[in-house]
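In what follows, chain A forms one complex with chain B and a second complex with chain C.
This part shows the complex of A and B:
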């Protein structure tokens, strides 16, 4: 931009206020509000060519947006939904998702960029001042409101006829009870359902992965096996509810490694079965450290020692994992010798 | 532009079509008086005022994309076998909810994009609200007359968390199901009513067959309905109160300085909606979020490692992770403190920030309206409290990801957990003290600047060999801006003896208020701002420093 193109009155020398005006502080009241600073012109305000350039930039952005929308439609029609492409550095991604998202993003972004650029360069940037008014009403209005209210209240007689008032309050207080009653059938009462699982005397321990009943020789030292009670199938109506309580993890320890007496008594040849459901808030425990016999819940890191009654050795769980008493039936399969002795999963008020 | 150019007298023909439509609407809706008050309404400009807009626009984006998703999503827990186009899950049993989410992701063209925009926008919505809330807090924008709007905003943040949680639980995938299980465990920990609430929420034992359908109506109807109402109320109050502004030349408590709604603010704010939407769309194009197909359908006996909630629930997750596992058994009952205390703390920590405006106004006893924002440094105790609160929140987030900290930085999970346990208490105290020191230091620097001017960095050597640093005096605009803030006097306990010599009892609440007031505004808790006399004394003898 050369200076001869700019009208004379817009040259710095001819302006009233120098750019970046620095007012020298008043001697008497240096901290007083000096008032609004003078408006500073932008290039677009004084140079029509600069303004034209901004106009073209805004129009270009809007045009790019239009093209991007056409690109969106073209992508939607032409790109197969199962095609994947390699994009550095993201990796292999869905081509359709990538194309649709980029074109939509560009179409939207360019409308926004155009509007903001328009506002910043071509619309007036002269600051305006508006007065505020107190939020609270003036005393006259306040007095009027109270007068009206008292008159209305007096006309209703609510203060005088106490019988009406009190019975109305009573009725209004009681009527929501119907709504509360209607919520009763949201679910059954807990009763003792949290105390029982599908395990019972004689139920075989079935491997969750193979769906085959487990024999002692299937459980190797150092392995972690997950089991479910015999007869529970994935396709069962209440499979999720039952497995949420009955899920079992089985490990084999050397009998001499078992420190807890009851644990040893409830085991079979060093094979122990514990509830898989964490006693903290119910995540399934799935990380087993075979050297230390510790299991770790991946959700909140509660750690249990399977060689010592599954007591908690770290983390937020409050009590040991319940153990299932197991034995071997006549045909050599592992079987439960009863249900868990205590509720599995997270603790609750009635647990005791 | 064209309507302005056509301002010819109307006598010869009909008014322009736009005007006739406007007249029609005004005759029925009275839009002109509304437009008169608002069309050229002035909005002050500051980058931080944009944060609230990010929230508003991401909320709108969530509603738009959410409506689209409802067209394809089946909120049902009926078990079906998968036969869609994602090969690895062929033949798997899964709920219809999971099945339809896979359908949206793989078989509806653009469905994955909308899902990802929806989820990303939710994360940004919550993050925006958090940062916006902090902006309002640290600048004191919550003061009278805006306390109610602060509460509306706080409610939006809390409801947003629960809307997000119920939303990401809908696909019934392994990760979100684990989160729902955690919620059920937390509900069970509530004394007396826990099991009942759990059974009523899940329609029986966990997981049951109902929670997806119930969460669905909560997620798409109940909570967003309330939130939409609150957003509208929030905006109406912003309009009614007029926006706050920072101190500066020409800016007073009694005015508002800025740009008019039409055209500048409308173009900028309207354009900003498209900018936010555009950026989120690009993020959704290139950044995968919540790949439920990789996690598989939910089964209560399965889990993956590194399970994390969405970020806004990480604070609650942290509380649950680092709380010791206390359990008290008595008279056949169990008090599950290890889970119940975090549940209570979750509410207490959130409430602490919600009620803060009322505590501060009680301490100051200030009944005036405040429209000029504070710079955080000029309210050191408030700022220190805010940073302490953020510290508690962030410690919670660290605790919520303790496994990720351990695996990514090769730390011991036990040490990370113990660090968090200790710093849950120590962190906010350290943050409070450090922040207050920093604020007071910045106040001193402002005072120095006002009295001695700006350091120019120029060293001048005087004829007799002395070196002096040249300071440049500030302009009146700068002097005004740096000294415009109001400083409170600490409260004092009034006379304990009345005019008749009878002893008056000082209420404990009054003592507490005086104590707090001194902690806020007493000696050493704020730097007295420079007075005109100090300024004159220093500037009168030019050249002396």
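This part shows the complex of A and C:
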């Protein structure tokens, strides 16, 4: 760009003076308002060819966006969903996902980039001053509003026709009750369901891997097995709710390794059954270390010692994992000798 | 007896005697030949055990005791079975450099497979335990990958992560990544429960279950795995993915915004 092409008055030097009013210092405003700094022009303001270039750039960005959108539609239609391509540095990736993401990304980015470039180079960038005005309306307007209000109240007869007024208040007061009634859907209250699980006297312990009831000889020392109560199937409507309370973790310890007397009494030949639900916030907990007999919760690192009544030895959990009392029935299968003696899972308000 | 004696000159008598003699010879052969073969097998087996014992006395006895009875530095090996030896030595965990580590890591195995087999035979002779699985037991032929995924998430994912990337345990212990671990070793680990891993014996997790789990791992976490999502970022789920999006995604947006605002559009650069 050479400066000869530019009209004299458009050159930055010709306009190099402050515009806007400049107030003079007086007693109330001891510091003079310096006013707006001199406006500086952009290349596009003083050179029509630069402006044309910007215009073309913005149009190009919008055009790229249009092409990218067409590319998105074309990719969606043509690329098979199971085709895989190699893209550095992402590695092997689904061709369809990559094409859709790339084209949609380019389409959106170019709209944004075009708009920003347009605003920065071609839209007016002359500084403007807008004075703030006081929030309160002037006294005449306020008086008018009050007068209108009183007149409206008198014309509607709200003070005179008390029947209408009172029934209206009644209607307005009752309407929100519909919303309050709907809050009932948050229920029903759990009642005693938090305190009971499906385990009951005589229920067999069913191995979740094989769906077969467990025998004591199936459970080896150092092994880990998960069980569900007999009769609970994955196809049951309430399976998730029930297994969330009844999930059971079975390990076998050497009876002489069991330090807690009650744990020993509730075990069968060293086989102990504990709730799989962490007593902190209810994560499924089964990171069992067979040499230390510790169980770690993956959520907040609560650690329980299965050789000592599942006592909490680390972490935020508040109480030991509930133990299920087990025995063997006449046919030689492991069975529960009742429900858990305490609520499983995290504490709740009325747990006690 | 008299009747028989009376017919000894019968024309068919010679044929009957011949048939009886043939049957007796065949029967005797049938009775003795396999026994001879078994004896030969036993000799080669006892040779293998002898070789294994020599290797054991040099490489293992200092911690596990001269008869595999264990010591303060290493557990008893009586009854751990050949599968445990094949896993521990085959993955290089044994021999360990120290028993004081939180967990003994996998490293390059220092014994050949033939030597490992001899060691395994010796340790198996100390007490009955699980055998090394056959190829048929851990090959992915005929396995149900979807069922394997279900079983893996129920039994294994709590420690090893849902695609077998591994994870932390207490006091420096960890569940190792299962990426590209040999199917045989995965099978043996489930069977024997090495170190702090609980075991999953055939009585509670059937052979078919184990096969399915191995096929699932092969499908989601091996060098053969197709990964349609591209960068897996450690396969740790929302933690690493969120971190990546916050740092690189938002970072790029901030960088662009700063770049746009830092450049002046004025003709006269100041």
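Assume the second predicted complex is superposed on the first by the 264 of 352 C-alpha atoms of A that agree within 3 Å, B and C clash if a C-alpha of one lies under 4 Å from a C-alpha of the other, contacts with A are read in each partner's own complex, and residues count from 1 in each chain.
Just so it is clear, a residue touches a chain if its C-beta (ideal position, glycine included) is under 8 Å from a C-beta of that chain, and two chains touch if they have at least 3 such contacts.
For clarity, every value in this text was computed on a predicted model and none was experimentally measured.
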item	value
When chain B and chain C are modelled together on chain A, clash or fit	fit
First, second, both or neither for A:330, with chain B first and chain C second	neither
Which superposed partner A:233 touches (first chain B, second chain C, both, neither)	neither
Touched partner set for A:256, first chain B, second chain C, both or neither	neither
Contacts of A:282 with chain B and chain C, given as first, second, both or neither	first
Which of chain B and chain C A:210 touches, first, second, both or neither	second
Which of chain B and chain C A:194 touches, first, second, both or neither	first
Partner chain in contact with A:42 - chain B first, chain C second, else both or neither	second
Which of chain B and chain C A:90 touches, first, second, both or neither	both
Touched partner set for A:155, first chain B, second chain C, both or neither	neither
Which partner, chain B or chain C, touches more chain A residues	B
After superposition on chain A, the shortest CA separation from chain B to chain C (Å)	5
On chain A, positions contacted by chain B and by chain C	87, 90, 93-94, 97-98, 116, 120, 125, 208, 226, 284, 286-287, 298, 301, 314
Residue numbers on chain A that touch chain C, as the complex places them	12, 40-46, 84, 87, 89-94, 97-98, 116, 120-121, 125, 207-210, 214, 217-220, 222-226, 251, 284-292, 294, 296, 298, 301, 303, 314
Footprint of chain A on chain B - complex, ascending	40-42, 79, 85, 93, 106-107, 109-110, 112-113, 116-117, 145, 178, 181-182, 184-186, 188-196, 198-208, 210, 240-242, 249-260, 263-264, 267-268, 270-282, 284-288, 298-307, 320-327, 329, 331-336, 338-339, 369, 371, 402-403, 413-414, 417, 450, 473-477, 479-480, 483-484, 532, 535-536, 539
Touching residues (chain side chain A, partner chain B) in the complex	22-27, 29-37, 76, 81-82, 87, 90, 93-94, 96-102, 104-116, 118-120, 123-125, 127-132, 134-136, 183, 186-190, 193-194, 208, 226, 228, 234-235, 240-241, 243-245, 247, 276-277, 280-284, 286-287, 298-302, 312, 314-319, 345-352
List of chain C residues in touch with chain A within their complex	151, 154-155, 158-159, 167, 169-170, 173, 175, 193, 195-201, 203-206, 209, 226-231, 260, 265-268, 270
